[in-house]
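Letters A, B, C, D, E, F, G, H, I and J mark the chains as written, and numbering starts fresh at 1 in each.
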Amino acid sequence: MLFHVVMTVRIPHDADPAMVKELGAREHVRAAELQRQDKWLHLWRVVGKFSNVSIFRVADPAEMHAILESLPFHPFMDAEVTALCRHPGALAGED
Amino acid sequence: MLFHVVMTVRIPHDADPAMVKELGAREHVRAAELQRQDKWLHLWRVVGKFSNVSIFRVADPAEMHAILESLPFHPFMDAEVTALCRHPGALAGED
Amino acid sequence: MLFHVVMTVRIPHDADPAMVKELGAREHVRAAELQRQDKWLHLWRVVGKFSNVSIFRVADPAEMHAILESLPFHPFMDAEVTALCRHPGALAGED
Amino acid sequence: MLFHVVMTVRIPHDADPAMVKELGAREHVRAAELQRQDKWLHLWRVVGKFSNVSIFRVADPAEMHAILESLPFHPFMDAEVTALCRHPGALAGED
Amino acid sequence: MLFHVVMTVRIPHDADPAMVKELGAREHVRAAELQRQDKWLHLWRVVGKFSNVSIFRVADPAEMHAILESLPFHPFMDAEVTALCRHPGALAGED
Amino acid sequence: MLFHVVMTVRIPHDADPAMVKELGAREHVRAAELQRQDKWLHLWRVVGKFSNVSIFRVADPAEMHAILESLPFHPFMDAEVTALCRHPGALAGED
Amino acid sequence: MLFHVVMTVRIPHDADPAMVKELGAREHVRAAELQRQDKWLHLWRVVGKFSNVSIFRVADPAEMHAILESLPFHPFMDAEVTALCRHPGALAGED
Amino acid sequence: MLFHVVMTVRIPHDADPAMVKELGAREHVRAAELQRQDKWLHLWRVVGKFSNVSIFRVADPAEMHAILESLPFHPFMDAEVTALCRHPGALAGED
Amino acid sequence: MLFHVVMTVRIPHDADPAMVKELGAREHVRAAELQRQDKWLHLWRVVGKFSNVSIFRVADPAEMHAILESLPFHPFMDAEVTALCRHPGALAGED
Amino acid sequence: MLFHVVMTVRIPHDADPAMVKELGAREHVRAAELQRQDKWLHLWRVVGKFSNVSIFRVADPAEMHAILESLPFHPFMDAEVTALCRHPGALAGED
């Protein structure tokens, strides 16, 4: 099943820059891993924001939740999750 | 360039059902055309809504506007348009 | 998988009362059917509103969408759909 | 009487992790206790959020308030409380 | 139990004035009845609005819902219902 | 004249607990005083919130403002103030 | 006592233009009357809106409500009413 | 030209009380100065809020901006600025 | 002085298409006139909306209001008006 | 392509004033640079706010994002980005 997720990261202004940098590096590693597993299908940057628009394909809602909790930026992240399904007008399959 | 568009259709309750049906048929034809032209890259249904989440690849903002105006449901549609760009953590290209 | 759905019905004030009454009767028949199939697990009235809070167990998001589209009040209904999963603190299973 | 409660927990980023962990452990103990007493009837995780959707059956509004105040995460919690009643279309009793 | 209700009436501009006048007369009769039964404890006008702030004492949420549905202006009314309980700082009893 | 006030208290998470406890004790004393003076007519707890719904009878708006400024929790309080008047459908006087 | 009122007029697009014109003429007559009585102290147009910002001096909230109900545009008007009092930094009296 | 400004002051709870007191004193001095110059025409307190409603008469928008920046509470202030003009129904001149 | 205006046009779905077309033609004529007079300095389409972003240079707020009222689409238009001034970081003059 | 950007800066009240002053100086240098490169076409101050309204001309959305990330105030800035295109009623070219 597919989920549309908008993630917005808000780093507190008094956070330790070294910690933020390390989290960012680990976030990229984890994101790459999930993309290679064909779970994180699409990942785009929203222009002008510390936000992304993402499409995930997961086995069930629990996996979606676990993936978001596994992201290094998770403690500073707001995630808006929307369930998607195939559109009757789509030519391709659901992804 | 890529745009993320959320389209929500609101048909007035006193609209002529035959007109709505015909618009829906023409909407599917137009959507298929734009998908075959690789302009409408992704099209998903939002569960429980008369809404879709779409990704478009267009030459410029004017083309994006013209495409939305060309849709048969356009007079009954609210479109939220967001510019996207490549995410530094994305493995694939921008689409 | 489980979905939490808040449905709010808005009948236009100039709708035909006989039509509304008939839709209401058909809505109850359809709701009973879905409850007997163990798809519509819980159905509560929100005090003071023409709204309900519902929990559905469905095979996938497409089934959730199809169920909502099958409801007689669907043309007059706004549905807010939220994906649920098991809470780590819940003693029982997910429903 | 039944209440629908959406609880959202917001831990300040500079809170002591040990304190948060201990609160979480105590929260699970208290939640289990209330479930065994048949007061906390349902408890679901909202996908992607540090939020839950819950249904409580209590003797009166004062008990509902006291239960929420008794939760270890209460100081960091926003609770949206909605009174429910039996829906005329529900086959089962109110829970 | 006590409920705080804010009722806002919105009459469509093309409603029949005679019908509105009759509903208003019947609304006053019904409101008087509920006040004499000690169910509608307080009823105030919000300055500048076709709204009221009301306090109801009812046996349970179902009675609260039934009372609101019994009001002649109900089809044109939006009701925001909030459960109240005794405040620890209140000198008097709960009403 | 009557005012409807919804007060919501937000204590910063790093406030000194002894200070908060002392403020709470002084708040009760002040609230009792105002109730005995027949200025604070009604005081209810909103279920699940650190909020109350209150009705005040004061000589003029300046007194209403001065009362709210005199409350010990005032620095941590958001107050929504609404002017009330007698409702034409109310049987009793305005309070 | 003083009230700050923001009135916004929304004329339905299918209203009879002659009726609207007549209401507008009567609105000006009534507004002039209330200004001459020193009840409607200030009246400004909000740039770009069919809205005004007004300051009223009235004997009590009931008079404020009655004045707004007496305005010819009242059926098409949304009024946001805010109680004012003297500001400690104001040199002049309260108006 | 006239501007309607709603200023809301939010003092961080951990600000130095002596600093806040001094800012308040300087704010009154500056406000008096601007009132004597006939630039700050009206200044009212919003009941129950650390907010005011003000009317300014300035030469141009740049002066309006400079005045707001010159206020001692400016770093803790949110200002909502609305351009006003003469209302066709106003008997007096624009102020 | 400069104003930033966001105009959004909402044509009722049952409006006469010939009337809408004629209004659109007259709107273009009026917009051209105001641009040639150097009052309507900039006019952009918002992608995907029946909205524009505009910058006006006018003598005073009354002229801004009169210009917006003179637009043929005015009865179907919502206008959000914001006063601008020169930015200290701008190299050019204010337009 | 053109983007409309509303930037709002929020400096935490406990930020080091020397750091804020230095960021402001560097912001002006960077803004001047981008204006000289004809990328930052227009820059206006919103009256009463630490906000600006800006128009950018960039090669693509990625450049728009990179420009905003390059601004010294970026860590304290909220940017609302809207894609623009030529308006059919505009006499001039798109800028």
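Keep in mind that, in the parts below, a residue touches a chain if its C-beta (ideal position, glycine included) is under 8 Å from a C-beta of that chain, and two chains touch if they have at least 3 such contacts.
Since the model is a prediction, treat every value here as computed from it, not as a measurement.
Under the contact definition stated at the top, the chains bordering both chain H and chain I are G, J. Hopping across touching chains, the smallest step count from chain G to chain J is 2.
Two chain pairs, A-B and B-C, are weighed by contacting C-beta pairs, with A-B ahead. Repeated interface: H-I and one of A-C, E-F or I-J share more than half of their contact pairs by residue number, and that pair is A-C. Greatest Cα centroid separation from chain E: this falls to J.
Chain geometry summary: the mean Cα position of chain C and that of chain D are 22 Å apart. Once the centre of each chain is set as its mean CA position, chain D and chain F turn out to be 27 Å apart. Centre-to-centre spacing of chain B and chain G amounts to 44 Å, using the average Cα coordinate of each chain.
Touching of two or more other chains is recorded for residues 2-3, 14, 45, 47, 61, 64-65, 81, 83-86 of chain E. Contacts between chains, counted with the stated touch criterion, involve the pairs A-B, A-C, A-D, A-J, B-C, B-I, B-J, C-D, C-E, D-E, D-F, E-F, E-G, F-G, F-H, G-H, G-I, H-I, H-J, I-J.
Chain G contributes residues 3, 5, 12, 14-15, 61, 64-65, 68, 75-76, 79-81 to its touches with chain E in the complex.
Of all residues in chain D, those touching chain C in their complex are 2, 4, 27-28, 31-32, 35-36, 42-47, 52-53, 55, 82-92, 94-95. Those residues of chain I that touch chain B in the shared complex are 13-14, 45, 47-49. Chain B meets chain J in the complex at residues 1-3, 60-62, 64-65, 81, 83-86.
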